[in-house]
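Chain lettering (A, B, C and D) follows the sequence in which the chains are written, and residue indices restart at 1 in each chain.
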Amino acid sequence: MMEFEESGIGEECGVFGCVAAGEWPTQLEVAQILSLGLVALQHRGQESAGFVTCNGASPPTYTTHKGMGLVSTAFPPEALQKLRYGNLGICHTRYSTTGISELQNCQPFVVDTLHGKIAVAHNGELVNAHALRKKVMRHGVGLSTSSDSELITQLLALTPPMEELDAPDWVARIKNLMMETPTSYSLLVMFKDVIYAVRDPYGNRPLCIGRLVPVSKLHSSGDGEEDTEGWVVSSESFFFTIIVLPGEIVQISRHGIKTLSVVPRPEGDLPAFCIFEYVYFARPDSIFEGQMVYTVRQRCGRQLAIEAPTDADVVSTVPESATPAALGYAQQSGLPYIEVLCKNRYVGRTFIQPNTRLRQLGVAKKFGALTDNFAGKRVVLIDDSIVRGNTISPIIKLLKEAGATEVHIRVASPPIRYPCYMGINIPTKEELIANKPEFQDIAGYIGADSVEYLSVEGLVSAVQEGVNSILNDKVISSSNKSSKRVGHCTACLTGKYPVELEW
Amino acid sequence: MMEFEESGIGEECGVFGCVAAGEWPTQLEVAQILSLGLVALQHRGQESAGFVTCNGASPPTYTTHKGMGLVSTAFPPEALQKLRYGNLGICHTRYSTTGISELQNCQPFVVDTLHGKIAVAHNGELVNAHALRKKVMRHGVGLSTSSDSELITQLLALTPPMEELDAPDWVARIKNLMMETPTSYSLLVMFKDVIYAVRDPYGNRPLCIGRLVPVSKLHSSGDGEEDTEGWVVSSESFFFTIIVLPGEIVQISRHGIKTLSVVPRPEGDLPAFCIFEYVYFARPDSIFEGQMVYTVRQRCGRQLAIEAPTDADVVSTVPESATPAALGYAQQSGLPYIEVLCKNRYVGRTFIQPNTRLRQLGVAKKFGALTDNFAGKRVVLIDDSIVRGNTISPIIKLLKEAGATEVHIRVASPPIRYPCYMGINIPTKEELIANKPEFQDIAGYIGADSVEYLSVEGLVSAVQEGVNSILNDKVISSSNKSSKRVGHCTACLTGKYPVELEW
Amino acid sequence: MMEFEESGIGEECGVFGCVAAGEWPTQLEVAQILSLGLVALQHRGQESAGFVTCNGASPPTYTTHKGMGLVSTAFPPEALQKLRYGNLGICHTRYSTTGISELQNCQPFVVDTLHGKIAVAHNGELVNAHALRKKVMRHGVGLSTSSDSELITQLLALTPPMEELDAPDWVARIKNLMMETPTSYSLLVMFKDVIYAVRDPYGNRPLCIGRLVPVSKLHSSGDGEEDTEGWVVSSESFFFTIIVLPGEIVQISRHGIKTLSVVPRPEGDLPAFCIFEYVYFARPDSIFEGQMVYTVRQRCGRQLAIEAPTDADVVSTVPESATPAALGYAQQSGLPYIEVLCKNRYVGRTFIQPNTRLRQLGVAKKFGALTDNFAGKRVVLIDDSIVRGNTISPIIKLLKEAGATEVHIRVASPPIRYPCYMGINIPTKEELIANKPEFQDIAGYIGADSVEYLSVEGLVSAVQEGVNSILNDKVISSSNKSSKRVGHCTACLTGKYPVELEW
Amino acid sequence: MMEFEESGIGEECGVFGCVAAGEWPTQLEVAQILSLGLVALQHRGQESAGFVTCNGASPPTYTTHKGMGLVSTAFPPEALQKLRYGNLGICHTRYSTTGISELQNCQPFVVDTLHGKIAVAHNGELVNAHALRKKVMRHGVGLSTSSDSELITQLLALTPPMEELDAPDWVARIKNLMMETPTSYSLLVMFKDVIYAVRDPYGNRPLCIGRLVPVSKLHSSGDGEEDTEGWVVSSESFFFTIIVLPGEIVQISRHGIKTLSVVPRPEGDLPAFCIFEYVYFARPDSIFEGQMVYTVRQRCGRQLAIEAPTDADVVSTVPESATPAALGYAQQSGLPYIEVLCKNRYVGRTFIQPNTRLRQLGVAKKFGALTDNFAGKRVVLIDDSIVRGNTISPIIKLLKEAGATEVHIRVASPPIRYPCYMGINIPTKEELIANKPEFQDIAGYIGADSVEYLSVEGLVSAVQEGVNSILNDKVISSSNKSSKRVGHCTACLTGKYPVELEW
């Protein structure tokens, strides 16, 4: 179930940007749009939030606000007030992977260069960050944080050598950066009056662009520029479905969007979009590669019913993230779908003390058993993933105490076995249930009557069935247009990384 | 949908208490149990939280902590630390009905009397509070708050006249109080080493008692006192199902629970348990009158399908509270159940500014449309209630923009038309959609293809079908044991109040 | 030296009130005036601050704000904003004597009575509080705090019996209260559109009234009512010098001030104004009994030079409170006055950990030695009082290390030996240095070359020399107008309490 | 008087460092020492505070904490807890000169370089900062703040080119830096297990080193290393008197202190120690150039009495900073010294609203008039400086209203007329009273009977009279040892800057 704090698995971040269209100063409340965007991406990171807005003038004025915690905590009304004069802006929400969750590591990063300030927000993790840090430092640059975002910013400033030109060639600098590091990043680079939206050649992290239309024009079919109030760019799609392609550099200005360059992958390499975006991270209403995440999860449930059928009376879900898979499983299996658990949305980490007795009471309080729905019945309980195995166990106990005669666990994704070096926080190999001796008898270990996982092949086929391959990769020669150039990163499940890792 | 902030309808409070069994000082972490209990009742009030613990010694030491906001905010670890020496305690969470949400109105109220301190926590609203305040003040008592809880506490201290006895007769005082005010209250009165749990003769507000059993003994069938770690008393049931009956005064001590008295209703009057506990307030896993709230809601959905069938393709819910009714509707109607909305649990009140444009964006961000599930289909959307009509409208617009060909609203409760004087906060008569001219064409007003409500009779029958009448009313002569002495308060729907209101 | 946190001796509180003159709503910013008044009284209590303002209408609206800590912390701008509609108001700052420094004990107390709300702020401590609490509780009133202020408020409401009159006789009630408790209190009672300023018959705690004059009229000699912007009442005098007399009840309304009654002392009793207000508590610029506190302190220094001359080179002070006495000592003795210590005003309690090493460093950092001024010299160091003896010791060490050849301590008040039951917090008898065996050789104990204290007689004569006895006691028959009816409470020095204490 | 908030003149910062002597891990509580040191320097900056501690191991671990406000606010106990494992550390307190008082500009700055992390704390302002920023950015480095400290850190990392050596030559890098920027800086550079203490060749900002001795050994005359618990380095001296000389680089390690290099000034240039450290900034007990600041201020008072005698009755001070000068004036003139004002130390900026009426009340409340001391007398009031003229005016009015027959202002420093580019925040030229037309009749403007300032020559002679020139400048050839190589920066008074300014 999608509870980062418990599973220990987490996305690194979400990025969001907005550029007002038309005349400036804009009437569009850019800071408000950014805050709504960041709330919409809050599930991708709850540790800190940062905003930078810019008036886009010559010379430009940048305004920054960063804070720890949820957007609603980190951005009191005064902060929004302070930021409100922006005509464009970028923001970032962060799930700390390292434990160093200090304010100074918060993105976006703003640095002053010979040509003025640039701001960078980054989702992902550079696979060769270590080598790049050395390179930058050998050049004589001191790095003040451990953040990849600062590293990217300094790399952008460093090569090619800075000259006192009127118009610095940021696109060339971004391309240089992309040559130096293959993956993973979805970047927003703001300079004066434009945002550059950049996705790595493997397309590992998602990035989408959308158009803000006046409410009154929402129903109009016209696509006229005159109806556009602004442009937004975001880690996830919400309403809008223009996907930034792997390797693409898109310039967003008040005049519209424009692809400036597409950096190719090495010959033969497939894209490597993170498959866990579908399984776990993204909102169910997000659209990636032309398909809705909810639909993929439902297909995973169906596939799971085929791979791991159960002799039982009812199918249910660990609310809320496993529900699409559970409904898919029910549809495929023909078993009735019911609810067995209700969730207390006020239960947080605060009161859960390291005391077994109270922890058990705590879990009991997080979920209530809807006893009458399943007493005397055999339950198939669908979960979206089991990472460490320590949260499903008390749920099974709860259901059995409340009268379930059998509880069969079906997991709508394969077991995680390997670390991710591309921006996902995964517990250490030792903590992963799939690598523990207990995994041999996982059903016994967690108290279930049976446990089965979706296969890697099953997951991949459920995902790839609906991919619109055109969206996935613009750089295809005319000859192989028909062939599906589809690929996804399954490194955490298979140990096969999209690029060779250098250390 | 269960969003107090938007519907404007709200429960006043939840009460919770705990007494450790066996030898004192207890090993049981009473303050922790209280905090878990209050988190479990958090849906009944988010404005403030208060705890009082007592060591139960002679003379007793009381420790109090109160704070604004959610339990997790109001009770930092230091506060729990401070409270931890309690062998018994009571707590309270509050939904302010009056706007005066200052700390000093927070319950429980503790006052020092000639016989020592008593603490009172109260759920409900005294129908004759105004007259009682006058009476107390005429006696020369100054009241420092507008809280009914302080009023109750002073009434308990006032009559009969205080004498310097060794053992004050609190039960007589509680009975006196009950004679003076018929409803509505579920009270916890803590004095030294006992808690008195009291429910008004009409049983308007719920109250339940439960037993804390060591985890290791949960499965043992034995009911032996020796297995009991403590007693809890709560507005809602969770695991436990001993209901405090209308008019009952139960003493909870470390030696167990004991009914001290049952104050009868006037001849001929029926009980008047608040029917909105089933419809709206309570957790779905709570058990009242022998039935699970979820099951009642499901029956309401079934009844709604009978009363208001729809020619449509799919049935869905406004998550999360309407889901049982939606599943009931689907089962009865034979239409398939799907999900059409996903909810962003991070959206709060903070960023929603009073600006139409941004409010609309805000609602859009609170719910995402699961487009692929319903595009091109006719949707029946079940909601649990429509109070002011201002939240369902943007949802309908969202679904239509995302491709629903028709949206039919079916509401699993009747329209609210009257104020409540028994502890429920209901918008003014003028704000209630059912009293507005627009209600004549509500479908047109909110943009739906049709709107239908459950009838009052349908709701009452769905509720009463499963009531265990024995539980509802212990005070029945042997002669009419067979007759169902069942009654529920439907005043907000019908204007028929259980007692005559004096002003 | 005046460091409450270290000496352990502290005043209980300060009270302040303001009534705008002329037409209401007033242009006078009453809440601002109150906050300035409270800051001016901040030295009398730093634990909490509370304000109540009232619009004075029929029926009146009262607005309350209370907070922990200094006025500047407890009253953020929002709070002042909230209070700003008052036409009159009272406020209170508190030095907790009991350790129970919770918000609910903060004054002023506001209670609703049959005739409407009254608000009470109190400086002092009722010598018979225990008996009065019993009396109130026997009447059936529950007391929600341990505060004398709540007790006073309930006593005012209780007797004589409340009747539903148009105009309640608060003056009669205040007189009743004064009959029941002889001392110590300076009270402000606010009801609707007036403030009653009340001082106990012994005049133990100070209270003064002043007139607010427009800045432009400050120099005008006219005393015309038309120049008055409002009236203030305060524990200390600042600019204004109308003293509320012992036993007096003064009504302050927008029309001016009026003595309503003077409650006499028992025949033969003298006034008993707290002598420590002169020695220690009050601001040096305050005026009591017609004389400036600074001048009294200077006289104490002179008297000390007569009683305890020293063979030394220079006289100095422990800054800042002992400076007037040191200057007096220098003038009388003819020795030159120099500074030997500079004080770091940023040193607070925060970093002083219970570790001898660091505590010593801490004290060192609080005072810096002005070495060049005294190296090689014999220093007479004047302190205003030595309560526990634990702060003067490191100062002596510091001076000696910095080169003083001798350090002689002269204390400008007698040793404290007895507890105070009238509102002053004094360490337990055991903690007082004067009651410890070490007092026999106090010089050796604290490392001084000699230590001498001012005598009780010396203190009393230094104080009484300048008293304007008319101001001290209005109730004098024409016959004894010439006799000095002067008296001061010296209970903490002599054990002679002004009234017999009942327990 | 020393009230930065009002005069608008302010020091930029204070730096402090500590290295534990002997075996590591040390028993010395380095973080506590740092916090005490920073509190002692709090008068040099109240806007923010930052600490970095280091365990000194290979590789070292650095721990950082920064916060806004006073040390006591910025460093809650948790922060000290977090920092406590340091064996050495540096810290910084800041008075923002630019208005950009965000957390990210707080010092010390820590950056990671090829050789590991270095931390830098800086007091002063680089006169050629603008050119240096350009130089660094031209090299391709992005600067994330406007802080000179970050600039210094990046300059240290940049030249000479970084090589992957075992032992980086930080001293060479520091010398390079010193070649590039002549003034003004007192720097602490921490790397692994040493702190480099650096003072610019002109010695514009102060810096001192001291030895921590166990309390038990304070009196021992021995200077043995074995008695040393640690070393401290600080902007001001307190107890210790080892001055870091102009141009000197001192290495502080657990083995002791060692001068590594002394960078000379250009031939013919004198030192340029900021003369306002004596007049205004430093604590009175600090020792610079072999003399105590208090003594210098007293000499200024004496000189002022010679230059500007007054026909008056008494001499007094604007507390607290002008007191030494006032005592000096009294001694020289033979007039008696008295106190005329008492100060309320609780008055802060909070309640002083931009409203003339309340501002006047506010000033009145900050100072109370000790009326009896001066009524009917002619007062000479000594102030240490008059910068904008807006605070002395209400004080004069207060004294006159309270009965002073004449008030003559004597200022113990010359008028400020020019901006400072070396780290002192001075109001704009237009705001300085000395540059306003009103200065022609300043006495009339501020309401005094006469106003006179100390002359520049008078100030310089009062300062230089006590300078130990050896301490001021170690780099003197044997031949001119007898000549006094003394110089002070008086740029803000005379417009003569120690180095030519490049823009």
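The rule we apply is simple: a contact is a pair of C-beta atoms (placed from the backbone, for glycine too) under 8 Å apart; a residue touches a chain by one contact, two chains touch by 3 or more.
Note that the coordinates shown come from a computational prediction; the quantities given were computed from them, not determined experimentally.
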Per the centroid of Cα atoms for each chain, what is the distance between chain A and chain B, given in Å?
38
Centre-of-Cα separation between chain D and chain A, whole angstrom:
50
Multi-chain contacts in chain C: which residues touch at least two other chains?
none
Looking at which chains touch, is this a line, ring, star, complete or other?
ring
Inter-chain touch pairs (all)
A-B, A-D, B-C, C-D
Chain B - residues contacting chain C, complex:
64, 102-104, 109-114, 118, 133-134, 137-144, 146, 150, 153-154, 156-159, 161-162, 164
Residue set of chain C touching chain D in the complex reads 29, 32-33, 35-36, 39-40, 42-43, 70-72, 75, 80, 215, 218-219, 238-239, 283-285, 291-292, 294-295, 319-320, 323-324, 327, 337-339, 342, 344-348, 350-351, 353, 355-358, 360-362, 364-365, 368-373, 401
